[in-house]
């Protein structure tokens, strides 16, 4: 049996660390009553002002500048790792070694070797070791998945998956960890990891990758003077520039079992698209769409209505869809929600798992995080085979 | 100086009471740090299971079946009144008499006389007495308001305001307090109160009302067997029916200072519209739109782009708009939010007001709630002047 | 028996006259084969360049500066009257007296008395005398009407009808006939006539009008130096201004048999809305929408799809909808069409009627044009009953 | 000098032949006056009822069952070839040899060798020999192109191009020429040819193709009993089935000079998508979109509006955009148009070219048609290089 209330901590109080901290705070307010609210123990960040703000805001007891203090703390049972990708391995391994449950952000690691080591570490413990594919908690995406599974839509024949962002479109946005690393560590790792995972969530395992292209449009960026967080607007810039090491745009095609095809487009320089994750699924009996800019809805066309009144319909998610009933305080249809809510649902699933409850689908494990990296790696391998005209 | 942390309570644990309870829980997590998180003291509901669920879920210390116990409790400093409209007066008067701060749901009361009495009661104390026009906390609506105020849009010439809901479209939905009371106590009071207030938030005080029409389409409803909450799906029904006493649909036109016109349409039987609050504002220098089914965006057309590239643009709210920065955990653009967030922002404004801080616009006071009822009353008066054909 | 091929003429070669000329040219290319293509005899306009352009373009044999020459011509059997409203009566009466069939533009006349005289003149002949309510030929609007009639949607409970245009939003647009005449001769007569007719097309006869408001925002306009056509961009302006005599904005509510309510908003100063005619119909079993900016589609929500996949669907009109099959050269779904096509369909109906065929619904007669004016007149009467606040 | 009026003929009176016949009828009604209306001489189709209907409808003087009669006719100066792709070469060669001007439908031919022969044949004459890339006449697409060219959008960095149709989604749709031929002769040739051409219209010549995948989902189809036209609904079916020889879905990525990337998705089994051609262009200074289901508009985001009011704007095309002014009878903004209008504009360009006028961009020549096939051929070559997972 797991000690309850569990002590939880967040390592990394940057853009996404905030969402995790809030998620722990509210995880016990959703769904089945009875899960004891976790003790909000610690927030760690090398940049103390971030840790302090997040801890004060969401009610965590203390802050740490060094993540090792969190790992060593006996009152911490579970940690979220929400720092740059190249720090994931060391922290996750230490946490598991210290007997903590771990929720690590995606992509699992910068290399297959790192990820494999993390999987091995997890295999050596009985702790929950999960990776944060948060979009799996989207009510709308789950509603589409239900329609695939139950036959309303039937098997997917073709998935067109786009993730367009503009966090890199301004050449004056500072250098950060997101722009460092070899090919594939750019937009592919950052947001492609999500998209590849969602496609598998809906279509099953990827069986092949073809014809990837990558392009870097802004080849150097100013170094920041202070600490840049998230997509790093607002920070002061130095006169010095550093080279951008990875791709701004990436496009490729995929296959899945049964002849399903996939078409992927990723960008971090898509003017005017702050956060446009779009899925279009052509299935045996219908078509479905999702667009993250309108998180509370999805589109569907099937053969139900008569031909003279058939068309693409926009479904506003409500309590009859996954995750909504009691996932939001007022939970009547169209009340609205967003990505921060997905983190609450994910935190709840993670805590339930630790507690041995199975009300929600469990978080993907590290092996799944490794598998995700394998697909990304295949995309990189698929870049060198163009047919010249 | 006000005691901090403040003790707060919610009276009424129905549909909207849940949103208030969650809002108190999270009010100190948004915006400026430093406001002590309120003590979550009590939830009161005559139907105990509701009180118990809400208290357990959001972390309130105790429940009460009788609201008077809350009013009498010395550890409660502020209460939200979230029960049927005809109970507002008695509870608010008692709360103010007991020295509590009060946030009362809209519409303030079932009659002008009741509302006047409440205003008088508030005038006799130094407590904060506010009315819950929650939509005033919508980031998108505030962004539009900014454009009116700063001249980007300029003065409103015509506002077209619709609130279409379908909570009454199914004749098998049970009888409840929402269907009782004379003309004007139906859809006009329930959601028209919001719309009339929003129009004033954007256009200034109403100066005239014309040509109202009302229609009741479902003239009786089954009595529920258990306790029906909110829009009351799911409850068991008896064989007996009770007459619906008020309007399902209401439409009217208004005027504002400076010749601005308003056109209003309200419905609780709008098939397929769970919660469609829509505003369209035609202004001197442009046009703006808002649609609650997409709470995180608004539309605007102005003369900025050249003629060959001009069109209606859809703006996704982000940290440069009111209420967003630090109002959401991840607060980058398009992260998504909804009505439950508006309640958090409102709770924060209410608590700030009590604490003497003025970071946010204060909640409208009871006098404003009375004024709102006066407009609704004018709508009722304007029903008897049709021109026959 | 009517002579075939019929000789046709268009009086008024302004904005809408062009559409009529093109419509006659192509009327025999749509639907049933066998109608002889009409002889394109004459185009008349006091401003000769317009007549010459239209005749040359669409293949009419001759032009006239004086409409009387058309009326007197023995080779003309049918005329379209497409000039300013205050000229309709004189021309229609003369045409009927000369034994011509007449298609007169809406609104029928500037006054009820004029319209009554025209109806009387028509009653004295056996000629076809029709009024040009062109939107009755919209495939999408007819598709909605079918759903009302056949019970898919059922009886309309509430119609929200908007017509937003911006032809008057620029104060530098010149004075023209559209800005002259008393209250009701402005946006109400110009585009309100269409909207009032469409509402009746869908809901049956208007039974009452309430609470109309009108507002004139641009109170004078520069006189044009040359001849201004249509909405008159591009023409040179004099230094002199003339007062605008009628309303820029008009809003009112209506009733129909069986308790159906209507809400109307009209504007010619709606920034950014060139031509936005929108209908929203709340019916017993569903909701339907139409938006002229997307003429080839309509929206519908009904109960056909299961609750977890229901939502507003956007139907792209195709050959299974009214007017499309053989109404367009390529007529597969989504091929696209617009208002000019409605004029072709209308011309075909008018010519069929003259030929004694009844494949299409006939054009409304002058008595219907008079009835339409009666509703507009009731709107004007309904302006004087506001409830003051 | 070319004889005027020119005699024109259409070979193939199927789905698209109708659009060409109508286009010749109306080509002289658009733009500059002065082009003599062509003589509408002949329509040829092996299936006589189609020829007869089209000739009677659009006013052609005679019909032919054998296309050779058209080629031999001295009163025919220009022919459109609108039959199945594998007939293009023979007819075009014969027409050119007989001294006719030719407008041949896309894709130019079933093989590079055929296309090369046609190009050679054209090079040997001074006749206009053009290929029908009709979408180049879309006002909206040209408006986007203007923004690329003039720097409003700047250079394209990434084009995402989709063409989703459903003409093959129903397994009961009969076998036809569209389902015969090797890999690449299916959806790639049929609609991919358009999309590849449009991408080049906007981004310049394709420089590489990668990672194509194709999939055939419906592997056999019933043979029709009668003559199937276009996408062939409605025809009676035999009990026999024939194998489908080519692809239903195709996806691939491309490159263009300067590092521009392209992502393509094509389908003829996209449930509910009759005709969805969509372009999304990410450029240096902005983003643009086009969707054929709404032919009269395009989307754009650039930096013109201030940040707090910026968003994707939907531009309704009007007379200030290419092809609209005098391209439609009423040509004020939002009047609506569609694909049939593109054919009229194309016919006008073709006739102008023959007449030696250059008001409009000329039609692409056969060499361009050959180039288009080369890109399609590269797509086929790019199918054999997947990276296995």
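Going by the order they are written in, the chains are A, B, C and D; count residues from 1 in each one.
Quick note on the criterion: a contact is a pair of C-beta atoms (placed from the backbone, for glycine too) under 8 Å apart; a residue touches a chain by one contact, two chains touch by 3 or more.
Which protein is which chain? UniProt says A, B, C, D = Dehydrogenase.
Not measured: the values here are computed from a predicted model.
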| item | value |
| --- | --- |
| Lowest number of touching-chain links that must be crossed from subunit B to subunit D | 1 |
| Chain pair with the higher count of C-beta pairs in contact (C-D, A-D) | A-D |
| Euclidean distance of C-alpha centroids - subunit A vs subunit D, Å | 41 |
| Whole-Å separation of chain centres (CA-atom averages), subunit A against subunit C | 54 |
| Centre distance in Å when subunit C and subunit D are each reduced to the mean of their C-alpha atoms | 34 |
| Interface hub residues of subunit C, defined as touching at least two other chains | 297, 301-302, 310-312, 316 |
| Subunit D to subunit C touching residues, read off their complex | 15-16, 18-19, 21-23, 25-26, 28-29, 33, 37, 53, 56-59, 230-231, 274-276, 292-297, 316, 318, 328-330, 332-341, 343 |
| Interfacial residue positions of subunit C with respect to subunit A in the complex | 143, 146-147, 152, 297, 299-302, 304-316, 320-321 |
| Residues on subunit D engaged by subunit A in the complex (per definition of touch) | 157-158, 160, 162, 164, 205-213, 215, 217, 249, 251-253, 255, 259-265, 267, 269-273, 282-283, 285-287, 301-303, 310-312, 374-375, 378, 381-382, 385-389 |
